[in-house]
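Following are the structures in question.
Shared chain: chain A. Partners: chain B in the first complex, chain C in the second.
This part shows the complex of A and B:
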């Protein structure tokens, strides 16, 4: 655990240096990358550790974005609005998990997929509160320059990512993480060994929601304007899963590695193949998952095994 | 005699219209080894599932150490001291042997995460003779070793009652003898055991009492000697005509 924590601290310290480079394009990209990192690490709680394929990321993201936006509309301080978004997401996930986590496998996946759609329709129809389909404008933060704003939101996202990482590290080296790994490998056997499976799964689901909700709120403040199809986009759910699978499910650094890899691919492919970028990206992902089913990080283990004398 | 550790009162379990277990009343005294036998499909494993809460009883009550546990979930029973091994062994394949047993020590045995659970797990692994493979993956073990792993997991749960579901199925003669010695050693620690078994050699040499299930009903109960002579049992296993012929020959 110590080793992982040290690597994590060094990693995030390096990230903190990015704004010194100065270029707006890279800073924007790095902010998105950290946001993707938060989504991927969060999904790792429920999808990687517990093995439950949740598609609810988009629901938590949108819920957080709208909670933050509406709270700011009513004059709450931006920081308070972000915390409120996390709080609402975790409570929502707790209630939702209690109902949904009785389902296993595909059934759970499909049920979680529908949640974002339902929330989007609700937000669409609650026009008074959310502006409905017209979207919602957020107050501009009182900051001197556009550059200062960009740096501020970069550091906000960095802090959130570091927090998510710390939570994941703590969970993974604890009774909770151990119990989740038992559930992932054989839920009936875990139950028989005294693991309160429902409680553990709901806890994992709540952890997978809280940071995503906050990321949604930070995102909303960052871009100043949100609308339902943007923040309840099912692609957030899909991307989180793809990133974790690319990096290595259930591992500590897998989600982060996956986020970096995915964003690089997305950006490169988008620049080179403007017309068919989604198609090329999809093909690359299929190839990666096909040949590296346990993620990129499994490569290092494979090398380590080969080096060891037989 | 003290109150029995496990008491089943009129326990029935239905699956749709089928009664897999029908009106079973049974008492398992503290410290004894009870054998549960019956032809294939008699409902033996279902009865274990009902006791542990995997498939809760449709009717009747189950009491464990004086407490009504009929409606408890498996993990709640596990924390009260009910451990079971599976007919088809169920380790956590990607974890090491040590982690498998540590999980049992932690979640059912009440040990804290980390060193304490691992130290206890090592003791149990040494006891069942798996100390040498503690750091291997559970999926790398042979069948006989996996069965031993089930024993170690069961022990790490600090059980008062151990339900053994065909722990000897698929083992060769030597391995069966080793398993027998292990079960005796566990029983000597004061653990009450309910064992489902097809091998009569095992049942006869271990059990103080045997109960026989057939079509979900309890058809006979008694000492090993009386059970093998019981015409209802012979009939259940070998058919009515054989039982009549055997009875005539004896009579």
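This part shows the complex of A and C:
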């Protein structure tokens, strides 16, 4: 644990130096990367550790974004709005998880997938509160320059990512992480051996929601304008999964590595194939699942195995 | 008499929904794969019928006959080449795989057909028919009857033909079926082909009634989810009952809560059914 914590601290300290580079494009990209990191690390709680195929990331993200936006509409301070978004996401995930986590496999996947759709329709129809399909504008933070704003949101996302990482590290080395891995391997056996599976799963689901909700709120403040199809986009759920798969599910640094790689690929695809970028993204996903289902970090293990004499 | 009319509308919708869901349910039940592509297959079938009608003057009811072998071949090849490699993998991987494939297909359709909505409008229109107090457009009624016919055909294939019995056997017990000499791989590919075929033939029927766009795949996919959960997994009668039930729920829901809440209503229904009766209305416990 100590080693992982040290590496983590060094890593995030390096991230903190990014704004010194100065260029707005790279700063924007780095902010998105940290946001992706938050989504991937959060999914790791429920998907990587407990092995439950959750597609609820988009639901938590959208819920957080709209909570933050509506709270600010009613005059709350931006920071308070962000915290409120996390709070609502975690409560929502607790209630939802208590209901949904008794399902397994495909049924859980589908149930978690439709949650975002339901929330999107609700937000769409609650026009008075959310602006419905017209979206919602957020107040600009009072800051001297556009550059200062960009730096501010970068550091906000960095703090959130560091918090998520710390939570993941702590969970991974605690009873919770151990119990979740037991659940992944054999839930009935874990249950019989005295792991409170319901409690553990719900806790993992709540942890997978709280930081995503806050990331949604920070994102909303950052881009100043949100609309339902943007923040409840099912692609957020899929991207989180793909990033974790890319880096290696259940591992500590896998999600972050996956986020960096995925964003690089995505950005390349965006730039080169503007018209076809979702298609190329799909192709990447297909290739990844077919050829690297255990993530890039598994490659080193595979090579190590091959070298060993049979 | 309004409720009679709404009921009739619901049944017409429901017939189509049954056809949408039958193939999806079959693939899910037999291969244990959720085929996210299903919605895009439906839309692709719809475009096939649209262009066949607009450019070549082929009636959509006829283009079903063209769509059927094409989509069967597409599904068969796709299963054999790609999906089969993930058949034994955890849910997450097979689901993500078909999701990636779906992104590719919907993007290709977007590039080829552009994002605007297209509707297949028959010229001259078929008019309406009134049955007592209920008035129904003939094209809708015909589409529904045809959808039910196709679904019934699938049922016959599964229950009467040799390959159909093999498919059911694989669904019940893969190992036992393999020991009895069923070629499981072949059955998987044929099942996936049949699933794609059902999507491809419901496309033309959908295109006659609803405007379609390359991005409307998820709408039909969502309906297929709900129907499978409602009716129970992997059985054609289940899809039939689930489809009709969803059609009726949607039309009465539109009347009572407003049409904008149709999605919320059906997905809420889905979650409630999953929690209360996960085996579905017709399903048997422990059979999925």
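Quick notes
What we mean here is this: the second predicted complex is superposed on the first by the 299 of 310 C-alpha atoms of A that agree within 3 Å, B and C clash if a C-alpha of one lies under 4 Å from a C-alpha of the other, contacts with A are read in each partner's own complex, and residues count from 1 in each chain.
We take it that a contact is a pair of C-beta atoms (placed from the backbone, for glycine too) under 8 Å apart; a residue touches a chain by one contact, two chains touch by 3 or more.
Being a predicted model, the structure only gives us computed values, none of them experimental.
Model built by superposing both complexes on chain A: chain B and chain C fit together without a clash.
When the two structures are aligned on the shared chain, A:181 is found in touch with chain B, with no touch to chain C. When the two complexes are overlaid on their common chain A, residue A:53 makes contact with chain C while staying clear of chain B. When the shared chain is aligned, chain B comes close enough to touch A:192, but chain C does not.
Contacts of A:238 after superposition: chain C is touched, whereas chain B is not reached.
Once the two complexes are overlaid on the shared chain, A:218 sits clear of chain B and of chain C alike.
Of the two partner chains placed around the shared chain by superposition, neither chain B nor chain C is touched by A:38. Once the two structures are superposed, chain B and chain C can be ranked by residues of chain A touched, with C on top. Shared-chain residue A:206: touches no atom of chain B or chain C.
Superposition on the common chain places the nearest Cα atoms of chain B and chain C 9 Å from each other. Those residues of chain A whose C-beta lies close enough to touch chain B in the complex are 174-175, 178-179, 181-182, 185-186, 188-197. In the complex of the two chains, the chain A residues touching chain C come out as 47, 51, 53, 99-100, 102-103, 105-107, 109-111, 114-115, 117-118, 121-122, 124-125, 234, 238, 241-242, 245, 275-279, 281-286, 288-290, 293. Listing the residues of chain C that touch chain A in their complex gives 28, 32, 34, 82, 85-86, 89-93, 95-97, 99-108, 110-111, 218, 222, 225, 229, 260-261, 263-264, 267-268, 270-271, 274-275, 278. If you check the complex, the residues on chain B that touch chain A are 52, 54, 73-75, 78-79, 84, 86, 90-95, 99, 103-104, 106-109, 112-113, 153, 157.
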